[in-house]
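Read through the structures below before going on.
Heads up, the next two complexes both have subunit A, just with different partners, subunit B and then subunit C.
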Partner chain A sequence: MHHAHIDKFAYQDSAIHRLDSRVKAIVVLVFTAVVISLPRTSPSILACYAIGPFAILVWARIPLRFVFKQILLVSPFVLVLALSCPLYDKTPVTLNFGPFHWRSSLGWLRCFVILGKFTVTMLALIGLVSTTRFNHLLAGLQRLRVPRLLVIQLGFLYRYIFVLIDRAHHILRARAGRKLRHLGFRAELRTAASMLGSLFIRSIDTAEHISTAMQARGFDGRWRTLSKLKIRRSDVLFALIAALFMLGLHVFVRPVLP
Partner chain B sequence: MSKAIEIEDFSYGYSDGTAALSGITLSVEHGQKLALIGPNGAGKSTLLLAMAGFAKGTGKVLVDGLEMNRKNLKKIRTCLGSCLENPDDQLFMPTLFDDVAFGPLNMGMAPEQVKLRVADALQTVGLAGMADKAPHHLSAGQKRAAAIATILAMRPKIITLDEPDGSLDPRNRNNLIKLLVNLPQTLIIATCNMDFAAALADRAVLLDKGQIIADGDAKKIMSDSKLMTEHGLEVAKKMK
Partner chain C sequence: MHMANELLSIPVATGTLAIAAAGLGFLCRKVRRVIAADKLALMGILGAFVFAGQMVNFQLPAMPGTSGHMIGAVLLAIILGPHLGAIVISSVVIIQCLIFQDGGLLALGCNIINMALVPSYLGYYVYRIVTAGRFSSVRAYIGAMIASVLAVQAGAILVPIQAALSGVLVVPLSTFLITMIGIHFLVGFVEGLMTVAVLAYLQQLRPDLVADSLPGKVRLSRKAVLATLAVFAVIIAAGLSLLASDLPDGLEWSYAERPDQPDFKSSVSNQDSRISEVDDFQSKYSPLPDYSLRASKVGAVAEQEADVGAGWTSFAGVVGSLLTMTAIWLTAWILRKKQSP
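Here is the complex of A and B:
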């Protein structure tokens, strides 16, 4: 079955794609921390921060349609959080956009800031995943001394999430093929529980088989890979530009607290 | 000289008490191509697992002269490569290169030697130039070939394959036969596809309900229509 893989543009070639995964990962991590730690500010400042990841996505020829589709896919969780803000914080505030003034509540401001921060950090994260092959990212994380177990689990998640999705589709199709009438809520719930149970048991089976395959090839608990990472001049230049960009925004674009 | 596999009175039961294998005695010479045939649930996969030390039962199992025990397990798994039924279980790394390199790296080989082994194994199975591919981007036939490459890179003396022809179309099945028939290693292939077994094996062992029913010349066993039908199998087309 065909899947739209999150890293499907990571196999392209551009200056951004060729950068070392460790440098990209650190830059994205620092950028995310900087954006998240921004105080309650007007959304326009977040737009300035968005310029960085946006430029990288354009330079790496990642279709923006794909990027926004990915953001939309993961947005429901944040949307729930953001949209609940106006409900509990109704303190009036006035927002100034040059000559324009907008009276609103602190809840709405928080809502926009959460959505803004989410979008900007997601742009950076998608920029990282779309320009870095997953195996290079894993090798980078391992070299950055991210706990080995976490790196291994990320690798397995990436490898098997599509197998799991395929299985879920097969189970759903099998159910649709035999479900010839409306079963009622309770029966539907029971069927869904059985389907989830079946998926869970098959996942355990798969895990056991993978463990067998690993042990058969000499796995003794130590994860060994041939890392092909190397820091070059272009990586240092990229890190410098990213640092200057963040520092420049921090110094020159001051948040105006309402 | 020691035999590739020597099994003496081996029995294995599942935790619920079901006997999967009982009183198996089998010896396989080096270089032999053996087909383990039998209906579903006959115990073929369990016997292959026992050869690799994954199914621990009663009796004696020797692989290349090494007795199956904790001390010898690493050596045994270096000389016996197991290829599982589902290639998705065999290919667990993010790229084909990492997957094929997994075994040689665990054997403690130097990086340059590992790279050579990977290139060689991929070349042998017809996947040269695809090292950077992710396993989920491969076709069913390519996945099967890649699974075999993960074993070939370790250069084992013995290779066990569990239903290697499963879900392959005729073209991919023929490609697989061409690949396996030319391998110099001892091959033990569990299958219930008689055409596939007939194309590869010089010796057949018929297994049913956890017991060896027949053991001998592949053509002789697989052309015995009464024996085949009695045990839920069929005579290979070219033997009819």
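Here is the complex of A and C:
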């Protein structure tokens, strides 16, 4: 199995990685909400908000090039949305930025703000995912009263994504090796459907094997973890710093920065 | 179709998150009573199948360079039943958000509703209604086709509506809506073709799966089917009337959202060709959330222009932030250098 694991950095170790997953998840959720609720015409304040997730990413030793590549990878939909703003909103405005002044339209300003918010919230989300192992996150979610069925479902899903993606790669390679040219729509559709169908049947068979094996070992629909989740002093400190950071920006910087 | 954080306002985001959480919680409790532990692995792996299945793409005709793939919500709903299907697809959406960062954290509620709950139930019920009575494969294929088109379409229509309710649309709602409907008609059509083709394949190899005898499948009573369909009909009718009646709801919403703009009309009427349309905005197209938004921005920027110092403050803010980030990065770098040798 060889994949670009999206959360490969979650298996590193640092002070950030050791924090409780619940604390991190809640902090990131609140941070996202705060950033999204910022006014839609002030791009400059976003730079201040970016400091927080940036510091976390640097501290946790997540390569920044990986982070920005990831952001670029998921951006197309937002990019289309943002770039359609200048087409529809042509109100002329003058933007003053230090020694620079330029005439532009409100649409461009909005486009810029949307992209900025997207980047900042994505920095925070990547900061969460790439510093938290997924099973820790799931254990945290279970403690936060997410239904157990859903948690188990997510656990199974995460465990088998890469197995099945591997199988899909095999099937795709087999098709590429045999097809060699474009076959016309009907044949293409039939081929793809047979690929999906066989993948589906194999998945169901695998599931039967797995559940037999798990039941033989006493699985009763309950996830048991060795690690006990505990809020430690460092978690409290982290939450406090995060709260101070957001509150400080809200009280002191937001009224000053346009 | 993944909604982004930026398309939502906080009230809409929390509202949809609450609805999605309540719906999922209810489903989990309901399903938990019915299924045995051995179905858990099946659900999980079929979720993974959805991911893997999305990699199997094929070229579309008439549009060189584009390729289609299956979403799989309707297929899973047909084979697993709507409850299990909805839970599986929801978990797929959650993983897409958390692991692949597709769709924002705040938009998770919207995404679960649009891409998991609505397509699963709507697709399943349409399929059941078309295939009611004795099982015949032709009917099953027609049912799957219609179900896929409708299910994808319903989810797609909800995206612009949620964005309009949030009052963040710059693009006129009707344009956005028509674009979404157009694109997703195509997507739904491809989805339908794929679903039918896969069902036909499964019918040959494992007819037991298609003729819904997969053990552990949860089925619903006719009454529940009709009740849910009625709810969907109301939701979709409400959405369409929102479009047809020049969005009074969107307007009220955007007013309720921003009481802090008294100069709504004056600021709108000072530019471009839409001045005349502001007066009779009920007559034709008028992206109202957009107007109120514009008012807010014009106000803010006008203030900015009046205050020359504002430019310098923002300059200082941005440069200061960048310097801070550089300092953090340098410190980390130096510390690491010290540790490693």
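The definition used in the following text is that the second predicted complex is superposed on the first by the 196 of 258 C-alpha atoms of A that agree within 3 Å, B and C clash if a C-alpha of one lies under 4 Å from a C-alpha of the other, contacts with A are read in each partner's own complex, and residues count from 1 in each chain.
As a working rule, a contact is a pair of C-beta atoms (placed from the backbone, for glycine too) under 8 Å apart; a residue touches a chain by one contact, two chains touch by 3 or more.
Bear in mind the structure is a predicted one, so any value in this text is a computation, not a measurement.
J.: Given the touch rule stated above, what does A:Arg224 touch, subunit B (first), subunit C (second), both, or neither?
T.: Touch partner of A:Arg224: subunit B, not subunit C.
J.: Between subunit B (first) and subunit C (second), which, if any, makes contact with A:Phe54: first, second, both or neither?
T.: A:Phe54 contacts subunit C only, not subunit B.
J.: Is A:Ala216 in contact with subunit B, with subunit C, with both, or with neither (first, second, both, neither)?
T.: A:Ala216: touches subunit B, not subunit C.
J.: For A:Asn135, is the partner it touches subunit B (first), subunit C (second), both, or none of the two (neither)?
T.: first
J.: Between subunit B and subunit C, pick out the one touching the greater number of residues of subunit A.
T.: Tallying touched residues of subunit A, the top partner is C.
J.: So which bits of subunit A does subunit B touch that subunit C touches too?
T.: 134, 155-156, 158-160, 163, 206, 210, 212, 214-215, 219-220
J.: Can you list the residues on subunit C that touch subunit A in the complex?
T.: Against subunit A, the touching part of subunit C is residues 2, 4-10, 13, 24-25, 28-29, 31-32, 36-49, 51-53, 55-61, 70, 75, 87-88, 90-92, 94-95, 98-102, 104-106, 168, 170-172, 193-194, 197-198, 200-202, 205-206, 209, 271-272, 290, 293-294, 296-298, 300-301, 303-305, 307-308, 310-322, 324-325, 328-329, 332, 336.
J.: Flag every residue of subunit A that touches subunit C in the complex, lowest number first.
T.: For this pair, the touching residues of subunit A are 6-7, 28-29, 32-33, 36-37, 39-45, 47-48, 50-51, 54-55, 58-59, 61, 70-71, 74, 77-78, 81-82, 84-85, 87-99, 101, 106-107, 109-110, 114, 117-118, 121-122, 125-126, 129, 134, 137, 147-150, 152-161, 163-165, 167-169, 171-172, 182, 184-185, 188-201, 203-204, 206-208, 210-212, 214-215, 219-221, 253, 256-258.
J.: Mind pulling up the subunit A residues that touch subunit B in the complex?
T.: 3, 5, 11, 133-135, 138, 155-156, 158-160, 162-163, 206, 209-210, 212-220, 222, 224-226
J.: What residues on subunit B touch subunit A, complex-wise?
T.: Residues of subunit B touching subunit A: 49, 52, 54, 74, 77-78, 81-82, 84, 86, 88-95, 97-98, 101-103, 105-107, 111, 114-115, 132, 134-136, 150-151, 154.
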